[in-house]
Amino acid sequence: MKLTVKEIADIVGGSIIGKTDTIITGVSGIKEAKEGEITFIANNKYRPLLKSTKASAVIVPMDINNTVEASLIQVENPSLAFAKIVSLVGPEPITFNPGIDKTAIIGKNVILGKNVSIQPYTVIEDNTEIGDGSIIGACVYIGHYTKIGKDCLIYPHVIIRERIKIGNRVIIHPGTVIGGDGFGFATVKGVHHKIPQIGTVEIGDDVEIGSNVTIDRARFDKTYIGNGVKIDNLVQIAHNVYIGENTIVVAQVGISGSTVIGKNVIIAGQAGIIGHITVGDNSIIGGKAGVTKDVPPNVHVTGFPAREKWEDMRIQAYSRRNPELVERIKRLEEKIDKMEKKIQEMYGEEPEDN
Amino acid sequence: MKLTVKEIADIVGGSIIGKTDTIITGVSGIKEAKEGEITFIANNKYRPLLKSTKASAVIVPMDINNTVEASLIQVENPSLAFAKIVSLVGPEPITFNPGIDKTAIIGKNVILGKNVSIQPYTVIEDNTEIGDGSIIGACVYIGHYTKIGKDCLIYPHVIIRERIKIGNRVIIHPGTVIGGDGFGFATVKGVHHKIPQIGTVEIGDDVEIGSNVTIDRARFDKTYIGNGVKIDNLVQIAHNVYIGENTIVVAQVGISGSTVIGKNVIIAGQAGIIGHITVGDNSIIGGKAGVTKDVPPNVHVTGFPAREKWEDMRIQAYSRRNPELVERIKRLEEKIDKMEKKIQEMYGEEPEDN
Amino acid sequence: MKLTVKEIADIVGGSIIGKTDTIITGVSGIKEAKEGEITFIANNKYRPLLKSTKASAVIVPMDINNTVEASLIQVENPSLAFAKIVSLVGPEPITFNPGIDKTAIIGKNVILGKNVSIQPYTVIEDNTEIGDGSIIGACVYIGHYTKIGKDCLIYPHVIIRERIKIGNRVIIHPGTVIGGDGFGFATVKGVHHKIPQIGTVEIGDDVEIGSNVTIDRARFDKTYIGNGVKIDNLVQIAHNVYIGENTIVVAQVGISGSTVIGKNVIIAGQAGIIGHITVGDNSIIGGKAGVTKDVPPNVHVTGFPAREKWEDMRIQAYSRRNPELVERIKRLEEKIDKMEKKIQEMYGEEPEDN
């Protein structure tokens, strides 16, 4: 689809600086963009590229107002505005028609909504339910009694075990496993006896889960992922974890059993959080942090063991001064030795044996 | 199934404090339990909930003997006792009937034991062997010459490559890959040439392996997982690793090539262990630890580089004192400056040039 | 196949020390080798085993020249030489005949090269292309418009989404996901709106990718993996990452969005690299390192935050001295107290109030 700069500005509610009638035929990043394409600036790091970009139009934040070769479209949130335009002038999306592939295996007592698409070699066990408009990709496995909401997009090779409940508009990327057994054993004389994991997983609305993620089922009751939570690739979420609304969990994070994460928390990549603790609303856990105790709401913790960021940075900064401290102590010791000798001379004493 | 408190106490060999004839119809966690349900206390953290729980019965350790609303059943190991009861009054388990689904593809010279269940779209290559009572889930791949023992439970989408040997009563969760090539290259002038990985993987009896785990085949000989080992999700086990009996490997741990792990070791989440070293029996590797050299038996190491826990904690504690040390050194320097001046005054000397 | 020591030495271009006519019937590691087998030494750690090995021949580096029971074959690169021999006298490799299994589902406008093998239950969507001699394992998913080059080996259960481009002689191990959506959201009032990820992934020639890896598609343009790159298991590569030729990425590494990695870099296990930075050619990132800023070419960084190795080791070494420093400061304080008192005595002053 082709749009003029004016049409695009109208769609995103932005103000134009520069030419309004240029025709836009594609979208791209600011470095790669060619003539006829639109791009955007969200990260300040890329502002200097505004002068050199080949793009014909750039969606920018309100405070960019210089005149450059490209037409600028000022908006409050360039990322969001650009996303809207991408769906209009980007590459044609891959779609899957409603209908059940003849190779899909559908169990007994399965309730399928309207316009559901079930792709080849998918296995759907007995007593499951899939809501209107959901797309279940190829080679997906859906276990007994599991319920999936409306307008979900379950990519190929997702495995969802029995008795799981998934909300509406949930996206799950390939290879992810929902509802594997929690990791629990009772150890008697060194031998580990399996503890049955009879709970489930409940996933709210508008959740997105990356590729090759593992979310374990609860020992009892449920592991819970709140509405609007976004989970990146290769994340581990253990049994009975609770994650509040709109929390972000970046790649390779691990959250141990029974830990409660608040709303609007950000957990950066490769962080680990031990079990049975609470992380408060709106807190930020730094990348690679190792969280070993409760985190209050609204704080930013980093490092291992995780501490408030200012404290962690202070410890880091001081640790870099250690070589200097050793030097200073050595000098003090030398000076004191000399002074002691002088004082002894004055007093005429023998050195003390410390 | 319904059981009275008395019947449950008999099954787990426990002593009752309180009413014995209450009928129990379900199991739950101590926070979520409702009337008619039984729960348990293993973690001391949850003891205060004993007064507020709605459960009708609670399995407790021997040292809990107060009288509360719920009936108490005292046992040595509450987790283990509760697990027994869960299998009796918990939700009906999902079972898979013996038999080979008509869509399963079974190669030549395959030996299948009695009562084997092979689910849809599973591919079993030539010259394989599967023992009595094993369940092979949907969309599993089992490579040539691989042998799987009796009463195993292989969940959907597990991939087991050729020439692997798996013991009896082994549980493997979805998405796990057993026998991928070890990561080995011979680098000549910057170009990496693949080193053939012609060994195998051997897994003992009673092993449980989580979801999306990777266990690589050996360069030659075998990667070995001993009897009773329990491995959590997203763990990486490299070629030629040896893991002794009953060792526990928590989520997202990585063990590098040719490392030998003893018996009854615990490796906590996100720890990493370099290659070609030995970790002794009964040792504990802390969460996120980075182990860079041999660990003797019976020690607890933490941190990165991993040290014995007391030493790591001491270094951590002292590093927090750095700001204080800098202050103390500064004061010493000031005092010494003053003292030097006084001594000079007494002596009538010029200041030394240090 | 059977070969004499002489024949093997000729194949690898090596010099023999010892008997030349011994017949070799198998390959093995130096510890496990039995009579009639050949082994090798690359890691110096294993040199002492040369005296005790049961192997009949050992491929060794040029500087090993002692006479032992086994015949020695001296070469420049024992690993590489041994790899050649393994393919001749090792176990018979598993092969897959060309042809399309009758259960494979091939879409419209698919171009298949000569001698392609497509195994059972694989789904290949419309408008894809697969080059001569490539083997596509069982239960693989290949999305629309994706192109795979010649002589590739795609193991079972690999998922490659739409519009991906893969070079020649690429090996991808089971469970790996190529082209999942990048993790990008525009957050407005705490709600995260998905940013379309309309770019692709491009993978060069001679790349090897381990099991359960995730390589996300770009927001726009492409995520790029250069020729000869080798990636181990469970690695996360985010959207728009660029990896230069012959770089090695060890297990469980995470590379965040838009980061550029140079050529011939080594990134050791569990390292994490933040987004939007550059790592120069030939650099080494240590195991578990957390890289938070640009790394110049040809340096070795370790630790978290990652610093040049010598600096990181220095800080580590000094941090171990903290307990000693505290002791030394305490002694200095005591001495100064005493000296102050003496000086006061001499002067007849009152103590200062510091």
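As written, the chain order gives the labels A, B and C, with residue 1 at the start of each chain.
Operating definition for what follows: a contact is a pair of C-beta atoms (placed from the backbone, for glycine too) under 8 Å apart; a residue touches a chain by one contact, two chains touch by 3 or more.
Only a predicted model underlies this, so the values are computations on that prediction, with no experimental measurement involved.
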**Study point:** Angle (degrees, nearest 5) of the CA superposition of chain B onto chain C
**Key:** 120
Study note, to complete from the structure: For the copies chain A and chain C, the interface residues, called same if over half of the numbers are used by both and different if under half, are different
Review point. What is the distance, in whole Å, between the centres of chain A and chain C, each centre taken as the mean of its C-alpha atoms?
Key: 24
Study note, to complete from the structure: The positions of chain A in contact with two or more other chains are 121, 139, 157, 175, 212, 234, 252, 270, 304, 319, 322, 325, 329, 332, 336, 339, 343, 346
Check your understanding: Where on chain C does chain A make contact in their complex?
Key -> 105, 121, 123, 125, 139, 141, 143-144, 157, 159, 161-163, 175, 177, 180-181, 183-186, 188, 190-196, 198, 212, 214, 216, 219-221, 234, 236, 238, 240, 252, 254, 256, 270, 272, 274, 276, 290, 304-305, 314-315, 318-319, 321-322, 325, 328-329, 331-332, 335-336, 339, 342-343, 346
Exercise for review: Sort out for me which residues of chain A touch chain C in the complex.
Suggested key: 27-29, 31-32, 42-43, 45, 77, 79-80, 82-83, 86-87, 90-91, 94, 103, 119-121, 137-139, 155-157, 171, 173-175, 208, 210-212, 228, 230, 232-234, 246, 248, 250-252, 263-264, 269-270, 287-288, 304, 316, 319-320, 322-323, 325-326, 329, 332-333, 336, 339-340, 343, 346-347, 354
